[in-house]
Each structure stands twice: as structure tokens, then as C-alpha cells.
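The two complexes that follow have subunit A in common; it is paired with subunit B in the first and with subunit C in the second.
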Partner chain A sequence: MSTGASVIFQERKDQILRKGQGGFDMNCNRESLAGAVSQRACVFCGSRVVLYPIADALHLVHGPIGCAAYTWDIRGALSSGPALHRLSFSTDLQEKDIIFGGEEKLYRALTELIDRHSPKAAFVYSTCIVGIIGDDLEAVCRKVAAEKGIPVLPVQSEGFKGNKREGYGAACKAMFRLMGSGDISSIPPLSLNILGDFNLAGEIWIIREYFDRMGIQTVANITGDGRVEDLQRAHGAALNVVQCSGATMELAKMMKESFGTPFLRVSYFGVEDMSESLYQIARFFETKDPGIMERTKELVKTELTKLYPRLQEFRRELAGKKAAIYVGGAFKAFSLVKAFRLLGMQVVLVGSQTGTEEDYKQLYEITDEGTIIVDDSNPLELSSFLKEKDVDVFVGGVKERPIAYKLGVGFCDHNHERKQPLEGFVGMLNFAREIHSSVMSPVWRFVPRRKAR
Partner chain B sequence: MLLRHTTKEIKERKALTVNPAKTCQPIGAMYAALGIHNCLPHSHGSQGCCAYHRSTLTRHYKEPVMAGTSSFTEGASVFGGQANLVQAIDTIFTVYDPDVIAVHTTCLSETIGEDIPQIAKKADADGKIPRGKFVIHANTPSYVGTHVTGFANMTKAMVDYFAESNGRKIDQINIIPGYVEPSDMEEIKRIVSELGIKSVMFPDTSNVLNRPQTGRFDMFPKGGVTVEALKSAGDSRATIALGRLASGPAARALDSKCKVSCEILDLPIGLAATDAFVDTLRKIGGVSVPESINTERGRMLDIITDMHQYFYGKKVGLVGDPDQLISLAEFLVSIDMWPVYIVTGTQGKKFESRIKEITRDVPHEVKVVSGGDMFLFHQWVKNEPVDLMMGNTYLKYISRDEDIPFVRFGFPILDRVGHSYFPTVGYRGGMRLLEKILDALLDRKDRDSAEESFELVL
Partner chain C sequence: MKMKRVDYVSTTNACKLCKPLGACLAFRGIEGAAPMLHGSQGCATYMRRYIISHFREPMDIASSSLGEKHAVYGGGQNLKQGLKNVMNKFGAGLIGVATTCLTETIGDDVPMIIREFRKEMEEAGGGVKPPPLVYVSTPSYSGTHMEGFHAAVRAVADQLCTDNCLCADPERKFVNLLPGFLSPADLRHLKEIVDDFGLGCVMLPDISDTLDGPALEDYEKIPAGGTPISEIRRMGSGGATFEFGHTLEGSLTAGMILRERFGVTLHQLGIPIGLRETEAFFKRLEQVSGIPTPEKHELEKGRLVDSYVDAHKYLFGKRAVVYGEEDLVIALTAFLVEIGIKPVLCASGGRSGRLASCIKRVTDGFSETAQVVEEGADFYKIEELCEGLAPDLLVGHSKGYRLSKKLGVPLVRVGFPIHDRFGAQRTLHAGYRGTQMLLDRIVNAVLEKAQEDSPIGYGYL
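And then the complex of A and B:
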């Protein structure tokens, strides 16, 4: 095994960096090595996770059953109202559809679903097979849209067309087609859209409440607890605030180009980034409302006064422990590095599935000497890094959890399976509690890794 | 009401599946391949397929699930994925060093007409397959059959690629356990050895997907059937295949390839099906049933005796896979429960007629459908509720919305543990099923009893 591990490091050595050993040089954003047990997913996956939280839209997966089955309500994106997004709709393509084409089936499925559920819009996801058999998704959608009088949007998310990031792009293109049609006359000057928040565990509700307190109206949630009508009015907002690097940045850029909507990159994870994001937004609106900065400072102060004493309790026990991070998009990793620092913990490994060179450069700047930075990693590498660095807790997604546990390392899901909101000031406390609950668990006293000492 | 969008009125649907009671072939093939020792399953398709299967299996088993992918890109989809697969084979043998790479196809690679044996031959000619190492394959297009078909196809591939006959019979029998949990496979092996019979079981995911905490991450865990054992299957005295759909094709292939006669039985879930399994073992092995097995049977029967009043006339709705549902329905009928709604997403002509035969004497209308979905099942329940539902985790929405007791059974179970450790096959598995059913029914009785009729002893 050890020789195997060294070989893959050879093949991928320019996708792995150790800070302090040579300068920054990262060859990322490239296709995965065939045969490597990559943790990456496909274009369809990217589109599906971005659009799925739009709760009053119909989400129809055009393809064989698997693509719909595996994405049936997996993300825990909460809705305060309709829940059409939590059902799984598929054209369930069969062999004869592959031979004769699936357009007719798609047309019938769409018609039937729209009649039964009266959705505000429909998203139709293309899968690998649709790209190959050449169904004209665009034409079917146009026909149904004309007949039923709702927007029917093709999402060009054939799995093989790249990785998740291309899927985010396809989702953005589909959403963008909704924009510009709604009535924006009632939108006040202090208004924004929240981009790149998916309302996992109810997070967007926390953020919206902060904006309320600052006196800013949220026009559209993109996409957590999202609504079609809000998306249609989104172009009327004064500002876009964009979280989650890959997912919705493209939409923000399109909106800027077409509607002139400026955007700010924000992050709601960790105290530092959360506060700075709110201040950034306040600064943006300061000319329109000079009082906003004062209100924002007050908000941050109130929240921090509540938070700090409780955070200290966790910090006392967590200080000096070591953390590893492997997430989908690199942007989240920045905030996590800072959040761990606030807890007195050291990040010794940080990586992502789809980070860009710019992302990794930034990570390189904010991490400590000796930190391993890795792009598109795999279980073998990750486990060898976890052992080498003697990590106490690993932050990752569903496929990483059992690897950490098998090694006897604590874990925190910062992805689809988070159960507590991790955004906002209260989210920092939840994060600390979750990290504490795993790092300090008595179970690690019994696992062989610790016993051996 | 999470599923408030489910309408009570039932209309025939032809172009649409809502809330599927199935998934696609490749995941079944990946699960089966994990039951070979030192084997890396490999998905010949886009990266997403592999990621989804690994995620789903990981959620179900709470174990690391390793598999490679050809990582198809636009170019591969146009010019073919040969280069990707040859490169993958090279990478996998060099880096991970398994004994076997078990390739399954996807809708994408099937549609562009990939010829896996030809590609493997090319890889071999290029010296990418080390001596004594193997690349096997199964065709698993996602638009044909379901996860059960994929499992059956990969299990059959184990026969096609490995089983060989030297003409000299070995004193052992083959057991093909069906698409069951690692715990079930372990239990089946235990029963066979309790009868003093030597066996080869394939696939065998015990100690692969229910392994202990060791402080180590092993790419290839201890469990799984070895290549050597698979080769010897061609000289076994007989084959017992459990579950017609999942195990039948492999058993028949072994019969025609190596002339090993086979008995295809129902999955040993419940009293009668386990009796049939034990009896077949006894006859084929030429052994008598040991006291220990009789005791287990007696205990299971004792639970049924003690609690039979609580089963009487309870209406049950079932969603799952055909092999499981056939045995489960038969079991429920045998303890006086009424399986009234039975839905599987897997198409099969024989399934509906078999279920009708099993439920012939149930004094209630029985609705059964193969190729159905949970939306339809929910509509049935809305029209007339049941006392208990059994099926995979996705039934929890309906259980909650309609306030009906629910026992998790089948694949996938994403929100509970236990299924990978405690079997539902055999007599001991039957006892566990009975316990689960009784807990669900009696907890509900306790919850719903009025204060004046709430009893300490039920």
C-alpha cells in the first residue's frame, strides 16, 4: 500500500502543495485521473443541488431512474412553504426510449405533472443519455411552456460535460431565464438577493433576519427556500450577495452584465467572515442610508456579546487540536480555516474537489506553514494525510465521514448532511459545539489509534 | 405534510415515475463486486454515477465504499471511452493493486456501444494487466432493469469469468445469497456450516461492509469471496441460489458452464422459506439437521405462538425488491397478517402472479404491482390506510404523513443502523423481524391507548 500511495502522489504531485516547501504552484481545475477513486461528482449533480431548493418549481429529471433516485431529497434544503422539491420526478427512460427518443415521453410527463401540481415553473434536467440520443429538450420545453403558460426551463446538465462546476453554470443559465419578467415596482432601494445559500438546516432564515435588522429587504433567495416569483423579480434588487464560490457566481456575473446589478462576495461561516460580510454590505448601502453602519455594528456587537463567552468554553478544550478540511468548493474552506483559528485549532490539511488556482493561492496565503493543500483528492491520500498529521477532526462530506471514523478521527459534515445551521453567529456556536462533540467524544479513547500511545 | 402534493385520486401514468421504488443497475453491480475479496469495482461512465453509488452505499452501510470511474468527458462520449478505461486499469493496478477490477457499464457507455472485453483485451495486450490479476465485467445499462438486475448481472459475471471445472468434484456446495445485507450473508454462511456443510458463497460482502473499527482505513477489507474460491465453484457438488431474480442467472450460468446442478429457492426470510432452505441443505449435503438449528426454529415459533393475537388481521403495505417481497409476503401471511399493498419498482412477469398465489387466502383485496412507485403506494394508502408499512427509508415520509407504524426493511436504509449487523434471514433473522414488527405495533398501541385502557402487561 505504501508504494501505491507514493505512486499516486507522483501522478498528482502538482495537485498537492505543502506550504513552506517551495513556492505556490498548483495545477488544479483539470480532469480527474481515470481510475483514481475521486470524490468528485458530475454536471447533473451540480445543477441539481443548486436548483433543487426552489420549492414551488417542478424538478423533472429526464433520464434513466438512477439520476432521480440518488438525488431524491438528499440535500436537506428546507422550505417554509411548498415542498414540491422534495418529491422525485423522473421520465424513467427505458431501452425503447433510448432507441426511439424520449421527447414524446418527456412531453407527456411534463404535461401531466404541470396539470396535477400547478407549479410556478418547471426545470427539466438533461442527463448523460439525453445528450447522446439527442432529444431536443429546448423544443419540448418551449412547446409545453406555450401550452401551459408557465416557464419551462431546460437545464443542460449532461453528466459527462465536465464536473460539478459546469453543472452550476447550467443551473445559473436556467435561472437567469426567469429573471427580468416580474414586477419590481415595490422593491425598496435597500434590497438584495442572497446567492449561494441553500437553506440547509434553515440557515438562510438566520441570514435574512440579520438583513432585516439592518433594514435591507431580501428579494430572492437563490436558492434556499427559493420561489419562482422571487427569482422573476430578482433583477430589481440593488445588490447581489454571493456565497459559495462556484455555484452562483456565474449568475451574479450574468445579472451584472444584463441588469447592472453589482455583487459582493460574502461568507456567513465563522465570526470574522460573517461580520466582515455584513459590514461590506452596510458600506455598500451607506450612501443610500447613512444609519445602516450603526445598525450593523449594533447587530454584530449584540451577537458577539452573546456568542463569545459561550465560545470560550469550547475553545478552552479545543485549543491546540488539529483539523483537516476537504470540501466541494474552496471558498467554504477559507471561512473554515478562520473559524478553526478562532477556536484555537490548527488546520493541517485543506483541500477541495473543484477549487481554482485563485482559490488555492488564497488558501496558501491564509494557512500556516506545513499545511497540506490538495486538489481533487482521493481516500488513499486523505487517509495517509490524516495519519501523518495526527488529525483530531475532519470536515468533509458523506463519502469522507466513514474514512475518518475508521481511522478513529472525529468528523463534522459541512455539506448536505449538516443537521445544525452552521451559518451566522449562532452557526459559529453550533459549529464549535459540533466540533467539540466529535473531538472530545469518549469513543476515541477506545479506538486503536489512541490506545497505541 | 411533506408529501401533501400526493393526490388521492389515482390516474394511470405512462410516461412518469414519481418517488421511485427502485434505482439503476450499476449500484447493484457495484455492491455485488464489493463482495469479491481484493476487488475494486469500476464504473465505466461519468464521474457522477460512481459518486452517487458510493454515497448511497456509504449512507446505507456507514462504511467507506471504494470504486473507480472512467471519468467520461465530452471527448470520451464522442470518440469512445477506450483510452479512459485502459488508463483506469493501469492506474488502478499500479496504485491500488487489487486482484480484480470489476467493471460495470452505465447508460452512457452502453449507448455509445462500448465493448468492455475488447478494451480489456487491449489493456492486456498493452501489458496493463499484471499476471494473476483480472478484469471482469458486467453490462448494466441503467435503462434496463433495476439495481436488482445489476446485482444479478455482476454475480453472473463472477461465474462467467472465474468458475472452472476440472472434472473432479469437490466436497462443497455453492451458495448464492441474493441481494441481501452483509449480516444476512454471514448468517447464511453460519447456518450452512452449522449443518456441517462446506461451501463457497458469492458474492460475500460480510466483513467488507460491516467491518469493525480497527483504527485503520483499508482499501480492501478482509471479507469477500476469493478468486480461488470462485474458480472452485465450477467443481462444487451443487448450487443453492437464494432469490430467483438476484441469484437465478448466476446459478443457471454455472449449471450450463460447469454442469453444477442448482436449486433456486426463495430468500430464507420467514419460517417456511427458511425451512425450505434448511431442508434443501440437508438433502444436498446428505446431513441431518442439528439440534442447534432446531432450537433456533423452535424459538422463532415460540415468539409467533406467544404473540399470535397481535398479528391477526393486521393490514400491511410493502415496498421493496421482488425476491425480498415474495418471502416477506409469505411470512406475513403465515403469521396471519394481511399484506394488502405490495409494490416493487422492478418489472417482472412472475412477481405479480406469485404474490397473488401467496395471498390467495387473505380475506381482503390485495393490490400488487411490479414496476410501480411510492407515489402510487401512497395513493393506495390514502384511499385505505394500513396498520403497518415495511420498506426502505423513503417510506418514512408516508409513515409520518399518514401516521402509520413503519418497519425499515430493504435497500436503502439511510437513517438507522442495524441492518448491516443483524440479519433478517434464517430463524434468528425471523426472530428479529418479529421483534421489529411487534415493537412497531405495540408501541403504537401504547401510544394510542386511552389512559383508562393503558396496560402494563400487553
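And then the complex of A and C:
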């Protein structure tokens, strides 16, 4: 396979750019091209990943079995208590439900499951088919909520109504309906909600511990290790810190409008962004607690003193190696570019499924000359770029893994299947170790790509 | 055999997957073929992820990527554009189009869209002739991934094996093998067996290379391997067809089409796992080929029987729960009763209506017959049925891990998916050799459990 032009669809030419060649011009935020084997998912997927870590809620997928089966315990979103979110519930719609409507089945399934599990709330996800047959989710949910005395929230996540980002929006709307009802009298002035962290491999616990040390109480985890009651009290927090801006920014905006809660954009990946996020939060609370900046500096210093010497060991071997990044939302890519820089590595390809023009502009600014920046890519393009740039390690999710491995390129899962926390200062160390363990493995000596040399 | 009947409305932790997934897997087993879903983008992506995590291999599935306006006005244009893109960029030798619940319900007439597309391509000139386009209807709300798999195989036979005169082969020196959904290692072994009988073999589909390929220097747009299309076209002149899966008997399958259309003798058998089901396959091969079972396989059979004897005391009376695809469950059950294991529960998410009668048939004559047989089961139901059955082990895919952990009994991983272990694509289950490996794994699971549970720490078992 020759690199470059032959694998790139005419229609997608303006979704790929090379820094240093012709300036910034990116036509993103488009529907995926039919037949291109996009790595994107659907609206339902967006809603499901955002809401699923809420551990004491019932998550019922109203649709045929696939949508629920493929998202059963899909991410390692950990819970410190209940684990209802790890079960996969479906109405498993059948042909007769499609013909006569699925409302009755939904009503009966919801009632049955609420009686069985006594959840604190229920989310009911709409799928493609429900959007077509026109079940009135809102009405069924209202009825069950009244009968069972818990919030029952429809999630308007019909798969075809856009991409993952629309799904994030639908999830935010559903969560927002929970807010404002809880008792907030005991919430202290130094308090915040963590938005856009899903507690993969226990990451949110690391971040909450930092906030504890700074003297800040976390009111609601949104949504990693999340609880319905916490969401109901979330409006009482003094601040929202928003990571993974694509997923929960809409919620932050809604909360600002309705409750006046200000928000900050943060990232917990990499040393630079992690430290700066903590400082930003400290600055926000400085007027209420002048000592907070000192405590934060102390925290960062302590962590960095532990981290740096160990990081240097990895850096020695990794310096000069080349990395490629392809992730769902572009926010993560910013931090990864910086994290690789800290390891002395060069990012030669960076892309995302659903980045915005603003995101890509920012990527364009922080990357080196010659870096390929790509929106909504596919296996043909990605594999050709990996080869062209002679990449040593590729960071992505499960769907990207076989592309890297088939070509004899190292890989780091930065998505669903990670079992090591990659957030926080300790996460940076884990990340370095993971990159190191892939890049430095002796197996690459035997793959055709290297052997040919 | 007693049947416990509490019907729940909701499904918890399904023991099945959706129909289009099976169709995509089947299309992946045809040389040069690109599977394509007519639906929204998410279906293709979810299925790719699910399949990749089992095989640890690339699995590209194209999509017509329908959006909201297509759901209202029809997805024809997108399907055509998608077909064109898959043709041009992937160089597909065949495109297998499977529908989804979305496109089935908005009423897209896919055969008509494909006809139009073909005509438009031919009229556009330039000598570009579209590759064969096979269409299969796979609404996710009817049937499981196995129905989707078989429907795709049937669609391929129906739409490609049309012309008898082109493929007339008076000698009929080869057989058709329709194995169903087995591991790449199984498929390689089955081809070896047929080859050892001196017969040619058209195996449809054949994922043995496409989903278990070597390390490469380049990313293959479509992985090498699979059943060649020219071979599929001549299946009508095969000497016989072997089709695995007891539940298929009597339904319109690819094997049935070849029989009706070209008079190819059809041998419908169980999946050859266990001594008797494998013997049945070999016996038919002897008949078709006219030669006795080669020494090599007789020896493997002899070793298998020898190991049945070696293992019998470890296994006698052990109680097993078997779950997964119906025909796999039937085959595994047939095997388990041979080694003295009692299948206390046989469960599947499928609903062929034939599971119980097939289980009865394959366990006939053994005292250890199945206690409970459950179709349409999810893991909630399976767990509930387990109460009071006191199983010693589970046999099925990796989604039963939670239950095995809860019950504190070993899980012998068989079938699809295996998302929590390594080497699923290389695991052999079929034939005497595969049964041998499966037996070894079962015995070792039982021994390991006994050893771990014992405070003594026996060094000889």
C-alpha cells in the first residue's frame, strides 16, 4: 500500500492537514462518509458512556438486544459501592413490539427491574428503532416515576440523530433533570463537582484525594463512581471543574445558567495540565481561603518530587521515539501531546473522532511542524499515516489496537480497556511505564516492518 | 426433563448478540469481501469493537452511516455512496450488505437500491463493473447473531450459486462444507480432515485466515484468505454438502438451496465435538470419499478414547451448566454426557424452538441427560436456574465469568466471545483432536479447583 493519496477519500481531503503545509484549514464536525469505515460510534454510545458510571441508577436500553449487549460493562468505570451500572438491561424489542409499539413492554420491563433492584433513579435510553416507531418515552417514564417514587429519566439517544457528541448532550439533559432537588445546606464554601471523569481504573479517586488535600470538598462525581443523590445536590457546589469538555460541557453551561455555578476547564492528564488545573482551582478559591494556593503548591511539589526521578528513567530510553494519537474527543489529545513531550517523544500524528474546529486549531498550535492532524479518520488512513511516519507507539482505543499491532507498532489503550489509572501525577508515571513497556518490548525486532531493514 | 417457567419481560446480561453481527462475521469469511451495514454508524463500530476484542485482529465493517434526514427520506443515496466508496478504496471483490433494525423499519428496499446502483455503475461506463453485491436482511429485532450468520451464508449461496452450466463438474471431486461459526483453528482442522480423505473442499465461510492472520508489513485493506468467490460459484457441482448444526434441520439453509437447485446431497450433522458427533462426520466422509478414515485420524480417535478412560473418575457425576449459541450448546452437551458429566442446565439466548428436542436426541441412551433446557435465556435467568442445581463447572463464552465467580466454580471458555483470555482464535474444539484439547481443559479445570480447595496440597492428582 502506498502512503498518502491513494487511501484518502476525495470527500475527506479537507479533514486532514499537515502542519506547515498551507496553514490551518479543517473542515470538521461533518457526518461520517458512507463506506469509509469511520471509527466513530453513535448518539446512543455518547449517552451511554457519560451516564453509565452512575452506579446506583438503573440503565435500561429500550431497543433490540445489540445496543445493550455491546455496552455491557464496556468500560472499567469503578464504583466504591453499588454496581448496578455493571449490569446490562434491555427491553430486547422483538418484531411484534416494532409493529404494535414498545411502550407496554418498556413499562413492564421498567416496573419489573425497579422492583427487583430498588435503584435510586432510572435512565431509559432511546435507540434508533424507538425513534422510528415513535414510542413516547417521556410519558412512560413519567408514569413509572409517579408509581415508583423515583426519578425515571428518558435519554433521547436515537443512534442516527448525529454522532457521539449529540449523545453527550442528551445525557447532560437527562442528568440536569435530577439537579436542584437535593438538600445543599451542609455543603461548605470550598466545594466543587467533578465533571467529565468516568473513574476508569479508579482515576476519580486520585483526583478527589488531591482536592481533599487542598481543602476542597467534592460534592458530585459526574459521573465516575457517581450517585443519584450527589447529582441531586450538585447545584450546591461552588464550582464545576470540567474535563472531557465534549462530554459534559453542556451540563456545566446549563448549571451556570440555572444555578449560577461557574466552571473551569481542566485536564488531569500529564504533569503540565494536571498542575495547571490544580492551580486554576486554587486561584478560584483564593479569596475564600488565602491558604489554598500554598497547600496546592505543596501538593504539586510533593508529587513532582516523587514523580520526576522515576520519569527520567523512562525518558532516557524513550527520548526521540515517535508517537501517534487517535482518540474520541480532542481534549485528551492536547494533554497527550504535552505528556509525550515530557517523555522526550515526538507526536507525528494526532486525530480525533469528534473534535471541533476550535480543538483542531489548538492542536495545530501545540504540535510540531509536519504533524498530521486528522478528523474522523479510518483504518486505511491511520495505517498509512503510521507507516509513513514510522511510528513507535500509537495511543487509541480498542478499534485502533489491531491497526497498530498488525503493522508491528506499539500501542497504549487510553480508552475503555485501560486497567491502570492514567490521570493525576501517578497516572503520568503509569502512562510512561505503559508507553515504555510497549515501545521497548523486544517483539518488534521480529515483525516484518522492522525485519525488512 | 423439567422446565422452569417464569417469564420476565426485561433482559439482563443477554446471552446472545444481534443479527447483523453474525452476518458481518460470515461475510468476513469470503475472499476479498467487505462487510457493510446499512444503518447508522454506531452499529458497525460497536460490532467491530466486540469482534476485535475476541479475535485480536482487524475487523473493518463499512457503514452507510445514516443520519436523521436519511431516516426520514430513506437511506438509498447513502448506501449507494457507501458501496461506491468501498468498491473504490477497499477494492472489494464482493460487498456483503446487511440491514439493521433502522433500515428495515424505515422500509428501505435494499435489493432495489442495489439493482439501481448496479445499473447506474454500468451506465456510467468507464468499464467499471461493480463486484458481486450480496444482500441479507438482518433486522436486529428478530433472531440472534447465529440467525444472522446463517442468513448471510444462505444469501451468498442463493445469490452466487445461480448458474449450473458454468460449474458443471461431472466428477464431483469436492465437497461443500458449511461449518457455521467455529474458531479459525477449528476451520483449519476441518479442512485438513477433508483433505486427508482426498476430497477437495469449498468451505463457506472461511474465517481461518481472515480473522487469524500473520503479522504484516502493510495493513491489508481486506485481509487475505476466505472462500474464493469462484469456488462459491461452483458449489452447485459439489459431490456433497456438509452442514453443521442440528437446529438447522428443516429450515431453508445454504445446504438446502444447493440441494434443491443442483441436487447436491446434503448431510446435516451436529458440530463435530465429542466422539459420536465427530464419528458421524467421519462416517459420512468415508461414504462420500469411498476411502476409510486415514490412520492419522484413527489414532487421534484412539488417543481420545484412551484419555476418556484416563479422565473418567475425575469427571463422573460432575454437574455442568452449558450456555451459548444453540448448536454449540447441543454439541458440547453431546460431548459432556460421553465423559460422565451431567449437563444440569443447557441454556441459550436463541429461540429456535428445537433446543430441547436436539439435546434429548444427542443425550439419548445416556443416564446423564439434561435436567433443564432453556431457550431465550439471559444470564439473570441462567443464574436463577442455577439455584439448586449446584453446578461444578460452567462451559461457555466469557460473559459467564461473573456467574462463575459468584458460584465459585471454574469456567471452561468455549465459543464467542472470549474477551478475557488470550488465544480464542487458536483454540481448537472440533474433530477428535479438538475434542481432546477440550477434554484436557475440562479435566484440568476440575483438577485445579480440587487442588486449590484442598488444604493438603496434593502433588499427585
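Everything that follows uses one rule, which is that the second predicted complex is superposed on the first by the 446 of 453 C-alpha atoms of A that agree within 3 Å, B and C clash if a C-alpha of one lies under 4 Å from a C-alpha of the other, contacts with A are read in each partner's own complex, and residues count from 1 in each chain.
As a convention for this text, contacts are C-beta pairs under 8 Å (C-beta built on N, C-alpha and C of every residue); 3 or more make two chains touch, one makes a residue touch a chain.
Please read these numbers as outputs of a predicted model, since none were measured by experiment.
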Message = Looking at the superposed three-chain arrangement on subunit A, would you call subunit B and subunit C a clash or a fit?
response = clash
Inquiry  = In the overlaid three-chain picture, which partner chain does A:84 touch, first (subunit B) or second (subunit C), both, or neither?
reply    = first
First, second, both or neither for A:206, with subunit B first and subunit C second = neither
Message = Taking the superposition on A as described, I'd like to know which of subunit B and subunit C A:266 touches: first, second, both or neither.
response = neither
Query = If you stack the two complexes on chain A, which partner ends up touching A:43: first (subunit B), second (subunit C), both, or neither?
reply = both
Query = Between subunit B (first) and subunit C (second), which does A:345 come into contact with in this model arrangement: first, second, both, or neither?
reply = neither
Request  = Name the contact category of A:333: first (subunit B only), second (subunit C only), both, or neither.
outcome  = neither
Request  = Using the superposition described at the top, list the residues of subunit A that contact subunit B and also contact subunit C.
outcome  = 1, 7, 31-45, 63-72, 87-95, 97-98, 105, 108-109, 112-113, 127-129, 131-133, 159-163, 379-380, 383, 398-399, 401-403, 405-408, 447-449, 452
Message = So in the complex, the part of subunit B that touches subunit A is made up of which residues?
response = 2-5, 7, 11, 13-20, 22-24, 26-27, 40, 42, 45-56, 58-59, 62-74, 76-77, 84-85, 87-92, 94-97, 106-108, 111-112, 141-144, 146, 213-219, 345, 375, 394, 397
Task = Would you mind writing out the residues of subunit A in touch with subunit B in their complex?
result = 1, 4-5, 7-8, 11, 31-45, 63-72, 83-84, 86-95, 97-98, 104-109, 112-113, 116-117, 127-129, 131-133, 159-163, 379-380, 383, 398-399, 401-403, 405-408, 447-449, 451-452
Task = State the interface residues of subunit C toward subunit A in the complex, per the touch definition above.
result = 8-14, 16-18, 20-21, 36, 39-50, 52-53, 56-68, 70-71, 78-79, 81-86, 89-90, 100-102, 105-106, 139-142, 144, 213, 215-221, 349, 399
Key: Interfacial residue positions of subunit A with respect to subunit C in the complex   = 1, 7, 9, 31-45, 60, 63-72, 87-95, 97-98, 105, 108-110, 112-113, 127-129, 131-133, 159-163, 379-380, 383-384, 387, 397-399, 401-403, 405-408, 417, 446-449, 452
